[in-house]
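Order of writing sets the labels: A, B, C, D, E and F. Residues in every chain begin at 1.
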Amino acid sequence: MSALSRVLILADRVRPPRMAHAHCDLPCGVYDPAQARIEAESVKGCMEKFNGSDDNVFKTRAVYIKEQRAELVKHHLWVLWTDYFKPNHLEKYPQLHELFWKATKAAGETKKTNDVKVAEELLNHIAEIDKIFWETKQA
Amino acid sequence: MSALSRVLILADRVRPPRMAHAHCDLPCGVYDPAQARIEAESVKGCMEKFNGSDDNVFKTRAVYIKEQRAELVKHHLWVLWTDYFKPNHLEKYPQLHELFWKATKAAGETKKTNDVKVAEELLNHIAEIDKIFWETKQA
Amino acid sequence: MSALSRVLILADRVRPPRMAHAHCDLPCGVYDPAQARIEAESVKGCMEKFNGSDDNVFKTRAVYIKEQRAELVKHHLWVLWTDYFKPNHLEKYPQLHELFWKATKAAGETKKTNDVKVAEELLNHIAEIDKIFWETKQA
Amino acid sequence: MSALSRVLILADRVRPPRMAHAHCDLPCGVYDPAQARIEAESVKGCMEKFNGSDDNVFKTRAVYIKEQRAELVKHHLWVLWTDYFKPNHLEKYPQLHELFWKATKAAGETKKTNDVKVAEELLNHIAEIDKIFWETKQA
Amino acid sequence: MSALSRVLILADRVRPPRMAHAHCDLPCGVYDPAQARIEAESVKGCMEKFNGSDDNVFKTRAVYIKEQRAELVKHHLWVLWTDYFKPNHLEKYPQLHELFWKATKAAGETKKTNDVKVAEELLNHIAEIDKIFWETKQA
Amino acid sequence: MSALSRVLILADRVRPPRMAHAHCDLPCGVYDPAQARIEAESVKGCMEKFNGSDDNVFKTRAVYIKEQRAELVKHHLWVLWTDYFKPNHLEKYPQLHELFWKATKAAGETKKTNDVKVAEELLNHIAEIDKIFWETKQA
């Protein structure tokens, strides 16, 4: 089990039970960093499959699917950044802009490589966002 | 807090800590019923906003956004049904076809109404699918 | 001419003349298995082009386009299964769930191979669905 | 039964049996005006539903769904015009440009109205395109 | 002619002639804030049409189309922020994060209102981004 | 600097200052050939990157991204042709149908090759359309 997985599981344990969503003051109003995380896990999965195969058609498909999934990661993160987070969150977490910038740039980087470390870096950024997100939900 | 929420939280508690995803033998290979559940919560949120407003433009937007979210619920459920579940799962859970049929039909119904009970019925179906899904992951 | 083509043409002959669509009780309410069939023919076409070429860029494009078309096949079939077919159809055709499951799984398989037989199997499943569909329209 | 329906059925009768698709020299290479026609029938269905209802939410949904379907009609027609038809077809059918321009403009008009006659005009244009299409396939 | 329009035209005049695009070190590598601006003008156009009409169906369509266009504004701005701008740009223009956050939030606001001033505020933010963008291209 | 670039810059100079958009009598009502041109430049950029690289994964991505961008070129051109141009424009510019047909066919050709000349031909067609477009705006 990777270090990241252990951290995520630990986070699940120490955090009080919570619902999988959160309402905001918009129509629909449901946000959850899990959406970005699931797609980022998919990106990592595509890299692993790519690296483990020597079938050219399969590898082509892995590249193509990874490209789409990484785009979804970016989309879900952008939505969180613009739509969920408010000025008062930014006052408390002044690193938010930089964090989202790095996270979405990391998502872009995962398109260009099959180095699993890049996907793990992306997952680390998302885990950081996830932590802040749930802190703001409890505030 | 709704009965459903309590059940979901309880389920979180009794289930051993788990990662937010699961790998299968396909490229990408990450599935999680949370994707359908988050969109279904969004559907429910749109209904509540619709019912609580008397601004016609706002209500129009709620209808439009709900339509899109319900479509995403259907998509995520269809993907689980066709891509994740295998014949051996069906042997153990012969209700799977009927369950997914009802769940996706319920998602379709949420487009046609703003009765929150219909969204909750959908969420119940998804919770049932979620339970089976994680049982198969542990097997 | 393939055996499948002959069967389809024969089916066209023995079936009384019909309109290319059918109304149901929903907004829009038009369904037609032809949508899935056309995309599945496109999948088969991509395979044939792939197999007949030794240009790597061309083959990459064939894989990419096939991936999209196969996804459309799945989508059109899922819509028929969930939106068109009703409990009374299922009573008369208890094989419907299994048939759609196999057909959408076959569509998924066509992404992973360029073996034309897999596309033909998919077309056979769609032809079976098409037959049932038009029987229910005449009932 | 509408006059248009009768014409379409008649056309089906006098035309020799044919496959539901046609291959061209491109990757994928499958075209069929049925795709545009099915969406146009859906547009007409949405209008009829809209006119037959006095439920505001339902009418909003009919408008929204019609908008999407009409866009699909345009897309399928544009693809036929640009991708399927070749200069030699245009020599034989010099009306093609004008016909597609009118048909896609008619599809745009169906977004702006719930007058079923506009949808029928669109269907007439598509029937004309369909006739030419299948003549070129037999040539 | 609005004050904003005059400013944009003036900007066109004093700026040396330029190409409509710019290459970066990525595949594709073409960025242009014009994409966001055109969609934002469309948002403003929808508002004006909405306000000038008393046809309910037309107004519903204006709301729906505006929703889509505003989403495209957000998308084009997010792409610029994450993909085009680099750390050295941020050093020189430390306001970039805040500017993009406000601009994308303004795009979100245009979904919720038909007050043309909100669209003009959005256009002002985009004009500011556009100015910085072209300065970085000349550096 | 390419000959085409020089022509475009020259066109910018001799044309009186203009707004980046134009209103028509539709909801939204904003058209601008710049949308097609930006995507076509992206297509050209993908070709150049493809030709300049010997990394297979990178080349696969270039092909895939070019495919999407070329599709967007077609879409933006089709919208201009069907939605913006009116019968009176066609009277004055009888070459419009043929010009758009060639331009969209050229966009299709750019999917099949990495020969930069094909992208430049496409850009020339778009420049021609752009010229006519702005003439009609001034009329």
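Keep this in mind: a residue touches a chain if its C-beta (ideal position, glycine included) is under 8 Å from a C-beta of that chain, and two chains touch if they have at least 3 such contacts.
The model shown is predicted, which means the values in this text are computed figures rather than measured ones.
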Those chains which touch chain F and also touch chain A: C, E
Set of chains whose contacts include both chain F and chain D: C, E
Identified repeat of the A-F interface (over half of residue pairs identical), from D-F, A-C or B-C: A-C
Selected interface, E-F versus A-C, where C-beta contact pairs are more numerous: E-F
Centroid-based (C-alpha) most distant chain relative to chain E: C
Separation of chain B from chain E, taking each centre as the mean of its C-alpha atoms, in whole Å: 35
Distance from the mean Cα position of chain F to that of chain B, given in whole angstrom: 42
Mean-CA-position distance for chain B and chain A (Å): 20
Residues of chain E whose C-beta touches two or more other chains: 58, 60-61, 64-65
Pairwise chain contacts, counting only pairs that touch as defined: A-B, A-C, A-E, A-F, B-C, B-D, B-E, C-D, C-F, D-E, D-F, E-F
Interface residues, chain B side, partner chain D - complex: 59-60, 63-64, 67, 111-112, 114
Contact footprint of chain E on chain A as seen in their complex: 74, 78, 81-83, 97-98, 101, 104-105, 108
Sites on chain E touched by chain F in the complex: 5, 8-9, 12-13, 17-21, 23, 27-30, 32, 34-35, 37-38, 41-42, 45-46, 49-50, 58, 61-62, 65-66, 69
Residue ranges of chain D in contact with chain B within the complex: 57-58, 60-61, 64-65
